[in-house]
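Got a structure for you, written out below as structure tokens; questions coming shortly.
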Amino acid sequence: MLDFIKRMQLQKLLALGALIILYLFFAYFGRNFVSVPTTLSILSRSYFVGFLAIGVTFVIITGGIDLSIGTVMMCSALIGGLLFTVFGFPLWLCLIIMILVGTAFGTANGLLVTKLGLPPFIATLGMMMVSMGLGSILTNVRAQNFPTLLGENAWFVRLFLRTEGNIPTGAFFLAGYLILTFIILKMTKLGRYTYAIGSNEEAVRLSGVNASRWKMITYMISGTSAGIASIFFAAAYTVMTPGTGQGFELDAIAAAVIGGTSLSGGVGSVTGTIIGVFIMSTLAVGLVSIGLRAPYQVFFTGVVVIGAVFLDIQRTRRANRVKK
Amino acid sequence: MLYYQTVVIISMHETVSNTYILEMLDIDKRFQGVHALKSCSINLRQGEVLALVGENGAGKSTIMKILTGIYMADSGEIIYFGNKVHFKSPKDAQDAGISIVHQELNLMKHLTVAQNIFIGRESKGFFLDDRSIEIKTQELFDRMNIKSIDPRSKLADLTVGRQQIVEIAKAISFDAKVIVFDEPTSTLSDTETEVLFKLINELKQKGVSMIYISHRMDEIKQISDRVTVLRDGEFVGTRDTNDVQISEIIQMMIGRVTYEQPKESSSVPPDAPVVLKVEGLSSIDVEDISFELHKGEILGFAGLMGAGRTEVARLIFGADKKTAGDIFINGDKVDIRTPEDAVRNGLGYLSEDRKHFGCVLGMRVADNIVLASLSNYVNGLFLNEKKIARDSVEYKEKIDIRTPTVNQLLKNLSGGNQQKVIIAKWLIRNCDILIFDEPTRGIDVGAKSEIYKLMNALAKEGKSIIMISSELPELLRMSDRILVMCEGCHTGTIPIEQADQHAIMTLATHHLERGA
Amino acid sequence: MKKTIAIIIVLVLSLGLLAACGDNNDRDGLYIAVLSKGFQHQFWQAVDAGAQAAGEHYGVEVFFDGPESEADIHVQVDMFNQQLALNPDGIALAALSTQAVLTQLQDAYDKGIPVVGFDSGVPEAPAGQIRATASTNNQNAAALGADHMFPVIRDKIEAATEADPVVIVVLSQDVTSESITGRTRGFAEKMHQLASGVNSSVAITGGYPAINTGDAGAAVRIEVVVGATSSSVDMATAASGALTLPGLIGFFCSNEGAANGVISAINAGSVVPAGVPIVGFDAGESQKAAVRSGIFMGGITQDPFQIGYQAVSLVVRAIRGETIGDVDTGAQWWDSTNMDNPDIALLLYD
């Protein structure tokens, strides 16, 4: 059992505990908190952040960062909406293109970081602006609409968000993606190299592994995840506004950090990240249920992130101390 | 002259054997103008331990990096088991059975022992099979007689010594025929070193050839069969370990003709007041350092790379945290916790890494000169540009900084003149004790002698100087006394009258009894 | 390590507890959610104040929230979702995008939660889902401007003849948007009505044909001038042209853009003929300065306090089952004499 806890990593366990405590707290003090609509509200705002956060977790574990995911997601959604409403593409094709747009941006990030040797922070910051600009240029700064549950193509919302009967269908996709990425990280070569690069990239290279190629793949995963996230964002929010999307990347990174992923690389897990996502959305919905406005969500999320980073630094320091 | 003779002797020696499994012939390598290896050759026999020694920058690590595919040689060839080979990557070398244990640990601390050893050699399929690499690791450990390491433990949970063992196990796991050890014992305790030596002997029995880079002469005597000496990127000679005295090896390492005339005797009177006294200074890097610095004296700090000379300087300057020891300036005990405290007490430190710590290349010469004493150059909120210009011009002339104007950007000056600007920076701050850390590194010969002249002039004026240098001739020419360090300890202080390269190198390679 | 974790958890929870205790979480009374298009803007602060005042008056709990920027459609969607989950008794909404909240409106409708619009409301919402809207009636508001301007120029209107006509200019940024056409029509028609009382020859002419009464040769002309585009440069050009019209006796700007056009024209050298009153709609920064310095006579502003107040009272009445209809939240006249009164100053948002 002790071994199990050790393997789980303390911080992830803590995050899970915090999530449960938060939920119980709001269940007791919040208005109508334990109910179907509240649960749906927590879920529907978690889907897209969940995909973004899972994707960026790969990059963070390698010791990098991807700041472009929020605007890449919005750019994908805008392109999808444009093709759907203006060019009349079938919706399913638009969805595939949206994912591919994300992959393309991820590939571009990966090339900038591995081939041109740009620091990830700068490369993806640049790509953040590029994707935001591109979305605005292509749509001529016009908002793009997606189907709702009420009109034509309602299957889109029914499949990716919820049905009229309140079945949270989006959750199945997120769970599936979680399992898939969990397997990749823990049981495949890609996952092993992801952790290894974050631990000591030079050592990986000197071991005869093409580290750049694997690092590149993590950026592609991050971009692709942003593309997938755009589908769920569109399903939940219908209207896509050009020039927005900035800020979602920080939510996703915060979720990863809360879930125990270390910004210095080498440590992290997608399960922890998902716990982080739900801590943030439970906090957001919960604070409203006790009558606090939006700014308080931002405030408390900030407190949680600072706490999580503080723990991360404590742990890193401790690890370094053992070494001496 | 001396140098020429040694070469002749060696080439005779070299014709003895033709059973080499590895020969590196006429390897040449340049890095941006630095000629790191000058047609350098080494060879290796089956089942032997070849010690590779030389001063800092002699080219030991470079030639090993070429052997293991990390660098590519500009010219020359590698003959391996009779075939000409060409390693393009570490993987090529590993596949051929050549692996290296790096000086810095090259492991992934968040992965387990087994995962570290088999990184890059995971199973072919889509899924990883940790169980099988754990079994393989255990088998490897059994063969190596390692009992205390669990293949499943996280590397970060192991001591540094055990991490080193893992690194060695990894090198062996490639079915290596040649293993390079780059200063493997620098982080090991004595018991761990013994384990390593036992391991090396066992490998030798199995016919594995090893190249062992070290500064520790006693170790080399103990473990190696032959010793190859490199100097300034050139092959100097190879000796059978049993037939050679440590003093001869040191002579081969130093070798070069000294251009600078050593100082004959100290001009500092023995009763000159002590301006700086250090007692029992310790930190995680150095142990129990004590010395005195007299007024007008130049005290040289000698030692090999990593001996802890810079660390002592940084401790005195308050840049690192000391764990014990006292510092006295002019007889008064001072409490220096930050560089700011040090400067207030009249200490100035010229960093060994000018570009990183010493100066701001993108700023004007004048700005650099007043940088450390800026508070003397303000009128209320604004900088007093007139005073800055006046004083910087004064120092430009005083120490002869060659620049058309003090408004020139520092990066446009030569290395020697940049160094002078930094000296001016501390002089203008009225520092009486100056610590010069490698003051002539990267400076051409002409500029060097100007720096020497300036240092001598400063000493004559009554400033006291600590000079850290890796170039022995330079220390011998400048210092009044030379303090020698080895592995964080003060191993001796030699008055200039008795100092020569041999005496210094003996103290600098003196492996102290540890664990006392 | 364990200690730091404990400290953090305690800190977070205690903050949460404090917050919870500080808030009156009374489940007995009615709970009404007011979702605006913004929050930090002074205009919305005034709407909030009005909504809270109404809440106090009716004894209901009012929760007011809005996104930080008008581009944050998804934030408003989240807020709507969250409020629906709380089962409120009623909702007042100023939608950033009707399309984005269609599902939520349907849900509210299905649950029987009444939704009313306020400010710009919920345009093009499905029939029946918005019970009523509390907003400024632009036509009435602009007419207020005519009421205040008329006494000043009454003598000149009375004295005007077809041989020596006078002109009152209405400068409009466009004649397509609903709010501006409403204001243009409101001022022009009210002035026409008042002027007709003292002079028999009055006509509306110019750029908004829908309200023209033809006769360009009338003694009193109310001339609508429309900018070539809504850009500030074109508005300034239109304004400087209008200021040189012979017989100019009054000038009305239908929004802040038009008022700024006049100010730009004056800054660029145009001269306002002596004694010509200028009245503007809205209350921008430079507009306020112009009023303070006497270049402008005064202005008309919406009443955000009333917008908030009326929105909540509409919701309360809807919950009580009363039949409700759209409410005009009124407008306020402001000039240099009253602009510093606290209750007026509150309305002069930038």
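First chain written, first letter: the chains are A, B and C, and each begins at residue 1.
Basically, contacts are C-beta pairs under 8 Å (C-beta built on N, C-alpha and C of every residue); 3 or more make two chains touch, one makes a residue touch a chain.
Keep in mind that this is a model prediction, so the values were computed, not measured.
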(Q) Please tell me whether A-C or A-B has the greater number of C-beta pairs in contact. (A) A-C
Q) Where the centre of all protein Cα atoms falls, which chain's Cα centre is nearest to that point? A) A
Q: Go ahead and note the Å separation of the Cα centroids belonging to chain B and chain C.
A: 75
Q) How big is the gap, in whole Å, between where the Cα atoms of chain A centre and where those of chain C centre? A) 40
Q.
Report the inter-centroid distance (CA atoms only) between chain A and chain B in whole Å.
A. 45
(Q) With touch defined as at the start, can you tell me which chain B residues reach chain A in the complex? (A) 70, 89-92, 94-95, 102, 106-111, 115, 119-120, 122, 126-128, 156-157, 160, 284
Q) If you look only at chain A, which of its residues touch chain C in the complex? A) 10, 14, 18, 21, 25, 29, 31-32, 35, 37-38, 40-41, 44-45, 143, 145, 148-151, 157, 233, 236-239, 241, 243-244, 284-285, 287-294, 296, 300, 303-304, 307, 310-311, 314-315, 318
Q: Over in the complex, which chain C residues touch chain A? Could you list them?
A: 1, 4-5, 8-9, 11-13, 15-16, 19-20, 23-25, 27, 31, 39, 63-68, 71-75, 77-79, 81-87, 97, 99-100, 102-103, 106
**Q.** Sites on chain A touched by chain B in the complex
**A.** 187-189, 191-193, 195-196, 198-200, 202-209, 266-267, 319, 322-324
